[in-house]
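After the structure tokens below, expect a handful of questions from me.
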Amino acid sequence: MSLTSPDGKTTIEPDDSGWATFFRRLTTATDWKTGLVIPALAVLTALIIGAIIIMLTGSSLQETLQAYWALLEGSVGSLRAISATLTEATPLILTGLSVAIAFRAGLFNIGGEGQLLIGGMTAVLVGFSFTGLPWFIHLPMAVAAGFLGGAVWGFVPGFLKAKTGAHEVIVTIMMNYIAIYLTGYLLKTALFQREGRNDPISKNVEESAQLPKLLGWFDSAMRVHLGLIIALIAVVLVWWLLFRTTTGFEFRAVGANSHAARYAGMSVTKVYILVMVIAGGLAGLAGGGQVLGVLDRASPGFSAGLGFDGISVALLGRSNPFGVVAAALLFGGLTAGGQNMQATANVGIDLVSVIQALIIIFVAAPALIGAIYRVKTDASSTQISQGWSS
Amino acid sequence: MSQTFEKPPAESYELTASRTRELSKSQIRRAQISGVVMLLLAAFVVVFLIPNAEGDATFGLSTARDAVQLSDLVVPVTASLWVLAMVLGFLGATQFVRGFQRRSTLILGLSFGVFVIAFIIWATADQQFNLTSMLVATVSRCTPIALGALSGILCERSGVVNIGIEGMLLGGAFSGVVIGSLFGGWIGLVAATLTGGILALLLAVLAVNFRVDQIIIGVVINILVLGLTSFLSSQVLIKNPDLNNAPIFPAIKIPVLGDIPIIGPVFFNQTIIVYGMFILVGTVTYLLFRTRWGLRTRSVGENPRAADSLGVSVAKVRYLAVIYGGMVGGFAGAWFTLGTVGRFDEGMTGGRGFIGLAAMIFGAWNPVGALGAAMVFGFSESLSEKLSLLDIPIPTEFLAMIPYLVTIVVVAGLVGRARPPAADGQPYTKE
Amino acid sequence: MELQLKGITKQFPGVLANDDVTLTARSGKVLALIGENGAGKSTLMNVLSGLYHPDAGEIIIDGQVQKFDDPGDAIKAGIGMVHQHFMLVPVFSVWENVVLGIEPTRAGGVLSRKEARREVKEISERFGLAVDPDVLVEDIPVGIQQRVEIIKVLLRGAKILVFDEPTAVLTPQEVEEFFGIVAELKGRGATIIFITHKLKEALAIADDITVLRGGKVVGHADPATATPEDLAAMMVGRDIELVVEKSEAEPGAGVLELADVTMLDDYGRALLKDISFSVRAGEIVGVAGIQGNGQTELVEAITGLLPISRGRITFEGKDITRYSPRDRHTAGIAHVPEDRNHMGMIGSFSVAENLVLDSYYAQPFSRGIRLQGDVIRDSAEALVEQFDVRPPIISNTGGALSGGNAQKMIVAREFSRDVPLVVCAQPTRGIDVGSIEYIHEQIVKKRDEGKAILIVSTELDEIFALSDRILVMYDGRIVAELKASEATPTEVGLYMAGRAA
């Protein structure tokens, strides 16, 4: 059978194989123009506007260029920089997938932040609670706990959407705030709090539950960890689920036209709940990856906006699992570079989220880019929602 | 094979035949569920509150500055809890057995009110609790929520979903404090309003001209404003603390009315932003339902093609409504800085824009309804704040969750019954 | 006023919707503009109402060349459109709908309700269009809603009235009333353009007839002498059969049985009331009725999409009242839904995916949760070939198909299943004559294979062309059951209007 691309225009024959197809899936658009040129121009334009903002805060052109140089250096300038980019991209791949798979079923998961927090908390709980387990038991348990925690947090909005029609956008946002307060509370309980500390910080994850550094043998400063491999496996699994299984067929049908899906005998209720459980689980996995692979413990705010960034990643990746990887690498690079920019050029890392938001505006409205650069584009604007009544 | 059915009686063929009314199964079940909820509330009071209750609760009814000083209200805790539990039990049992039918929702709301009162009395046992100052805080805290809801109503009545209210609040809060620090509060207030308008212009351009998914635009506006204000805050405000130190609008006491006990301090001794909110709610209601502009705006939100066919410019109407909505959002943002603390903190709006959205839905896209809903949210915020000052065995984090939990309950309980404008969220194409 | 169109041409990407259209509508006369769906009638009317700008050509009113930038200009020039889908705001009152765009106001743009009500009353009294200005439009019947539309254009001083398919949603009796209104307007010197695909109505009411086909004017006819067959041939470009060839039905055992089926909405109002009937193998049962009298609910009750409140539905002897849509599908009910684009298919899915939309879960299209791509593709190739879906490219999206081909795709999916019962709702709504003929043939063929068939249609002609037995629905009830060969359209029409003969 053939596959429909997210913009509903291209179809990909499954018996195509090799790099050409992979590349097409990566770009997921009718032609290279909408697939690559528009995103590239979107990034360029966003960077230019970002530069203008830096200069408006009192920096000279030279300082601004230095800041951008630091951004570039910090993302791809060295092996360590690339490792940092990959480390930052790892959770973004997962939260991006989380948003993307929900998009496919017609739901907007803004709750990645909360799901990630809860997933991180459950992962860290398993991570420090068991001692003496061999890593091949303990680590999978902790990772699975992360998925489960996020899944529970995703289940609630999915269930409410399915059973009462409560709009998932509002419920997921509220669940984020609840997760923040719950995390703050839990970190001060005897169960989580590190002995001898008064501030909210959890116990350390046992070594047997830590995600091993992939390049630690080569350079101990390279923090890229096994979570990256887990994320990439999740990408392939999500792709397979969406395009090769009856479940994915149902997800996509409900997302494209829930009336038709109901007519075809699919349970829209089941799809809403299941897809939010999976989406929540993926975000929870991201949280697990952070606490087991990077932080080794949990403290308030360890989600660091990764859940929200997932929205940008999914939009830029056009809700295609492979597109999500590309977008996550870009945003991971921006974040890693942004840290370097903040440290060496003294330009705040919050600029990166401004640039990301601008990129999404331009990607969501390709005609805007088309108008600025006089590129002819037939790409239509992204539509995923139908207001409140849907 | 050709049998003809016996013809039903003629009156059933009336053109306007009213369809027979019966209670559907789902209605009966809903009534029973709410009955059970009320009984559970009564049980909660009896099982968890009464055993841990003793002494008297003392409620202050006046604040120190009031002209007329009322004496404190002293309530015996155990006795009043028993009374309230019995009221809840009676209402719940009646609802379960017979149902209040049309008034079920009202009675359910009333029961929650009774429960909240019971809870407050329990929490105040052997302590002091100033009711009036809680109500003053309720009105103040309801202000950004009601204005946020109003911002959403203006946009959505014209058919544009505005989920970027949070960003507009934050943008208004930021520019309000910076301009306010430089040129004074009034100019800061104007700057905050304009900032909201500019952000709304972005929403209008992308939604109306480029037909981008409106929920995406809203989310992006939120991310953009959060990033930009945090960036500017760290780059500029940290180095120049003078820019983050705006005058705060004082509470203005309205002569005579402000001296009425309880009502005076609650409604007639507030800041200009609170008064502005009440005036805006009234004005927008009048404009929407009594003027040409309102008729056209609502028609575009319900059936843009019909409006277009009559020469009403859909784009123009939507632009105006969205920009007005944004300005209201920006004005609301000023409450956070110019209306309360006079300084800006990153992400200080804390989801109030989204709660405003919920208030809009709760209020069925009607400004007055939304104000009522915002009062409920404002009450739950100020309650959680005041309760955290009392010595009760509930962690403050859980009290802080109350407004968000209330929002979820409200949204889950009400969507589907409130009807949004028919063309809400749908880009208009002439074909 | 006399209206002339000269050489109107309008090009859309890939479609020449209007090609050099020239016609004249005379003052005090009714011009019927006929053509099948896709002939370019609607485009022409949108040009006339200022919604579209023609690529070439002129609109001339009383000798003056007009230029319309937007609908406001057309209104000022005296053109009033009554659209097929009423341009009304359901939650507004009648007067709010009527004055929208030309609101009487006091100082400061405040609406003057008194003035607005007076304006509505005046027009409705002058032209005999009785309507209460204060009721909500969503609460009044369709026939009255049409009056509101007419009052709207009259209040704007329209002298040229354009009616787009005005009778599509009316009962035969309301159609009579509507013809009376048209005669009244005509008598007052209005120029009337009546767009329709119903040939008999055009012949009954028009003074001139102009026929459109493929965006072009293909002929004019004099209603005094033309026959429906002449007009149909002009419309389609070849001689067509208006009747479907079919033999007498040989009904077998009962397949579907409804007993006292009642459906209530959330407010306890009855949408379906005590419906009982059966459909037997080898017969076509047609459900006639004006849109909105419970037909949609009836179909959804049978297919399980809406729950019923009381009663029993039996299929092949099994009680399926509590079956889910999926279970009924598996049990052997095929369903061609009423709303092609919103229910029957997914526009962004490929033709191949659409062809397994409701059977993807079963063997051989999937094994476990794995979809069997090869099987799905091979089956799709065979179906587009067999059911003549054009273009026969299964990787195209469903949304790229024309209405007729999309419907053939849906019919292919449902009819290719060897099941005892087929429920077809509005099987040919809005599609070209060729596809209608094809689908009608398929339905009869299915019957002759011994399947039970339930057709729901608001087109009386379709009901009579296909049915062996006719049920008439009104206000959620079955008000008559007639043998098709003995019933007359007038009789059925009276039942449809809810009045006993």
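For reference, chains read A, B and C in written order, and residue numbers begin at 1 within each chain.
Simple rule for what comes next: a residue touches a chain if its C-beta (ideal position, glycine included) is under 8 Å from a C-beta of that chain, and two chains touch if they have at least 3 such contacts.
Bear in mind that the values here come from a model prediction, so they are computed numbers and not experimental data.
**Student:** Could you tell me which chain lies farthest from subunit B when each chain's centre is the average position of its Cα atoms?
**Tutor:** C
**Student:** Could you quickly compare B-C and A-C and let me know which has more C-beta contacts?
**Tutor:** B-C
**Student:** Just give me the whole-number Å value for how far the CA centre of subunit A lies from that of subunit B.
**Tutor:** So the centroids are 31 Å from each other.
**Student:** So, what's the distance in Å between the C-alpha centres of subunit C and subunit A?
**Tutor:** Going by mean C-alpha positions, subunit A sits 46 Å from subunit C.
**Student:** What residues on subunit B touch subunit C, complex-wise?
**Tutor:** Residue positions touching the partner: 1-5, 7-8, 10, 12-17, 19-27, 290-293, 295-296, 298-299, 302-303, 305-313, 422, 430-431.
**Student:** Touching residues of subunit C toward subunit B in the complex: what are they?
**Tutor:** Going through subunit C, the ones touching subunit B are 49, 51, 70-72, 75, 81, 83, 86-92, 96-97, 99-103, 105, 108-111, 141, 152, 251, 264-271, 273, 309, 469, 474-483, 486, 498-500.
**Student:** Report the residues of subunit B in contact with subunit A in the complex, numbered from low to high.
**Tutor:** 161, 163, 202, 206, 210-217, 219-221, 223-224, 226-228, 230-232, 234-236, 350-351, 354, 357-358, 361, 395, 397-398, 400-401, 404-405, 407-408, 411-413, 415-416, 420, 424-427
**Student:** Which positions of subunit A touch subunit B when the two form their complex?
**Tutor:** Going through subunit A, the ones touching subunit B are 53, 57-58, 108, 110, 160, 164-167, 169-171, 173-178, 181-182, 184-185, 308, 311-312, 315, 347-348, 350-354, 356-358, 360-361, 364-365, 367-368, 380-390.
**Student:** Can you tell me which positions in subunit A touch subunit C when the two form their complex?
**Tutor:** Listed in rising order, the residues are 1-4, 8-9, 11, 13-14, 244-247, 249, 252-253, 256-257, 259-267.
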